[in-house]
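Here chain A shows up in two complexes: once beside chain B, once beside chain C.
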Partner chain A sequence: MTLAVTYDLGSYVSENWEFLLRGLGRTLLVSAIAITGAFAIGAVLGAARAHRVPVLSQVAAIYVEVIRNTPILVQIFFLYFALPQVGIRLDVFTVAWLSVMVWGGAFNTENFRAGFEAVPFRFREAALALGFGRLRTFFNITFPIGGRIALPSSINTYIAVLKNTALLYVISYEELTTSAFQINARTLETLETLTVLGVVYLTLVWTLSASIRWLEGHLALPEER
Partner chain B sequence: MAEALAATHPSTEPVVRLEHVRKSFGDNLVLQEIDLEVASREVLVVIGPSGSGKSTLLRCVNLLEPIDSGRIFFEGTEITAKGVRLPEIRQQIGIVFQSFNLFPHLRAIDNLTLAARRIKKIDRKEAEARAHELLERVGLAEKARSYPHQLSGGQQQRVAIARALMMRPHVMLFDEVTSALDPELVGEVLVVMRDLARDGMTMLVVTHEMQFAREVGDRVIFMDDGLIVEQGKPTDVLDRPKEERTQRFLRRTLQLADSLEELTIEGRQGGVG
Partner chain C sequence: MLFLLPDWVEPVARYMLETGLRNTLRMAGFSLVFATVIGVVLGTLLTIKFAPSRWLIRLYIEVWRGLPVIVTLFVVHFGLTPLLGTRFEFSPLTSGIITLTLWGSAQIAEATRGAVQSIPREQHEASSALGFGWVGRHTYVIFPQAFRRLIPPLVSLLVGIILNTTLVQIIGGTELLESGEQSVERLNAIPPIGIFEIHAFEIYGAVAVVFFVMCFPLTRLAAYLERRLVV
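After this line comes the complex of A and B, so read on.
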């Protein structure tokens, strides 16, 4: 018996599109939660780092060090397989969004820290002189200016978060990559599988970066538009 | 317009009073025992060589620089006391900086209204109406929608003055506001300041503009080495300085106007090379 080597992308897609679409939906859902969370974590902890808020700043520093210096794969395993040993049992969906969010949050903390620190002191001083308190100065001056400075680097983090969802394969969370390989295990149409994955991820990342860059164009500091 | 800008102070209490103020940066004593009063509606001009402490003095008035010892009063209230709510005091003390410091992400009009809307909770319409009035006053009504980077230095500085006036301050502090400007732009800023003085605003002005000190100032203070060396009427201090240090400073300041030929660097041994 000879194994026919064929490449039939059309029938691969037409036979499996529903299953793939479900996976794509989960990829998008997990990414959306994680990116939103990473934005919030980055803004809060980045501010704590930049303004040296006692305790929170040190906690953030340790968090950033641990996450940035360990493989995300190990982090996913930790949440899914190690935590249950100490009685913390998270379902696979929770581990899915949590792991990529925690990862993105650490990188985003650094993005925002750098952005907030890059805000020249004279702008904050002008706000203080007008009668803004420290907190109001942060929300009205440091955040809008520093957030814009941090935008390009945080976009890269959001894109990485999206791509990292593919690693959720290792805990069998049925996002796009896992779904595609489940089909592959049945049909052995590996080339078709990877073609589809490549095209879909490329489209996702391009769309994401294009939309954020559009946003960046509207948000950037006026002199840099 | 005057009554809209300068709040009236019926009392004879000085608007600003400094008592034995000392301030150092590390080992460098920049203010040694400064005593100073600014009366209501007075224009007090501070001159002196760079590093004499005059900018620091100005920035101490609203405590942008914390002081080491001494006391500072604003309309009779000690603001160096514990428990004083500084943001509330600072709303009543306008300051204009050498480097303008307009918020780069906001249009001119929003630079003016931000603090009024966010701190004083004035609604946008009312704040913008007043902002337009002030922009018109500084000659920039048509620049309301411009961002700071689209404006010249002189225009930015006039917006910055209008921004400070938005909070209806009882005193205005000017920290070398024309020093970063191209020479041809200095005049438009000085005119705004002159008009403000004429309207009765209490002003404390650190400047190198001797002409302004002479024509607009009610009193001139000469500072050197963190000390008030000499003070008095502008004509007395500028034309008939009593102190040797004042004479030397004025000679050096006005020297350039005469001739570059006679210019020397103090303390230099021999010629160049």
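After this line comes the complex of A and C, so read on.
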């Protein structure tokens, strides 16, 4: 049996670009919401971990370990297919951004914890000596310096969040991967579909990775240059 | 304790552990071995200062690390057949092993490069002086020392591989999550096939617990090994 393979990327893209672009838009939208949320979760819980805030620190530790040690696909399944059984019905868009945000938040908590803990103690000592309160010390010293130390690793987490949105295929949220495979189901142009997915994801991921390398050169603490 | 559980639990648990968990572990085992071997070889070759081979290996690493693993899985499972013919039609579990090998070997290649380059130059010079060629030098002198540094990333990789085996569910491979989904659907069916009840919460919760029990000790072990290496 010979497989008739016609490969025509040009007409595939020209016929479906609007649909694909809408999918890409949803990928970017969900990623943007999740990344913003993951930043907030990471900053708050990372600070709680680094400063050993009672209760919150322990809760954050459990949250981090549970998310890091279970597959994100199982987390998506749990939110979308298991929660309705106990009366919590989330629509597909909510599950889409929530699942990748909760995942990214857990990894980001670790990134920020490490960043905050890496702030030299003498900096905080200096702030306290100048009469800063604990909260002002955090906002003026620990957060800007520690956040800067944590930036490369947290961007890595944001890249992973973006890549994880492809898993929303399982709940048929129409982001890029789902959209591309919907076209594929109609036209059976599998190779074109895969080419588009590969090129778009690699472009996004490689661009963001390049920004990390650029930032790493620019963000070193002045005394370490 | 067991007799307090409802009747449906025992056959479901048996199916999920005997078929689902078994396939998950088998995939993880094969993927770990293949990924380690390929990753170590590529990572060592990456330390050779020969531009074309370095570019090729770099490309390999950046592509398989850059793509979402599910896209790689689709490429392997759906893309190879139209490209190379029906000989390259794999079962979902085989496609999973190939995908996780590609992904894992990219991670290990990068780690190996760092580990090999961390070995001081004197070790290379001394083994050359003893008459070792490039292959012998790396096999008997450099790699055994570099391997110590590779152990923490290998444990982390095993965790990553175990977690990522669930992706095979998407193409219908009966790993743990898929066996859970099949059980949920079966229980929800009308009798005599099922019992017309929804037990998604318990079953997906149990899947999460099983993964946690496997991965949590390994994560801690990786962190511990890494700390011990630094000191």
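Please note the rule applied: the second predicted complex is superposed on the first by the 204 of 225 C-alpha atoms of A that agree within 3 Å, B and C clash if a C-alpha of one lies under 4 Å from a C-alpha of the other, contacts with A are read in each partner's own complex, and residues count from 1 in each chain.
Keep in mind that, in the parts below, a residue touches a chain if its C-beta (ideal position, glycine included) is under 8 Å from a C-beta of that chain, and two chains touch if they have at least 3 such contacts.
Computed from a predicted model, the values in this text were never measured in an experiment.
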First, second, both or neither for A:L29, with chain B first and chain C second: neither
Contacts of A:A114 with chain B and chain C, given as first, second, both or neither: neither
Which superposed partner A:V74 touches (first chain B, second chain C, both, neither): second
Which of chain B and chain C A:E65 touches, first, second, both or neither: second
First (chain B), second (chain C), both or neither touched by A:L128: first
If touched residues of chain A are counted for chain B and for chain C, the larger one: C
First, second, both or neither for A:I141, with chain B first and chain C second: first
Residues of chain A at both interfaces, chain B in one complex, chain C in the other: none
Chain C-facing residues of chain A, complex: 1, 3, 5, 65-66, 68-75, 77-78, 81-86, 163-164, 166-167, 169-170, 177, 181, 190-191, 194, 197-198, 201-202, 205-206, 209
Interface residues, chain C side, partner chain A - complex: 62-63, 66-71, 74-75, 78-79, 81-83, 85-86, 159, 163-167, 169-170, 177, 181, 184, 198-201, 203-205, 207-208, 211-212, 215-216, 219
Residues on chain B engaged by chain A in the complex (per definition of touch): 62, 64, 87-88, 90-91, 93, 95, 97, 99, 101-105, 114-115, 118-119, 147-150, 163-164, 167
Chain B-touching residues of chain A, taken from the complex the two chains share: 122-123, 125-133, 136, 140-141, 144-145, 148, 221-223
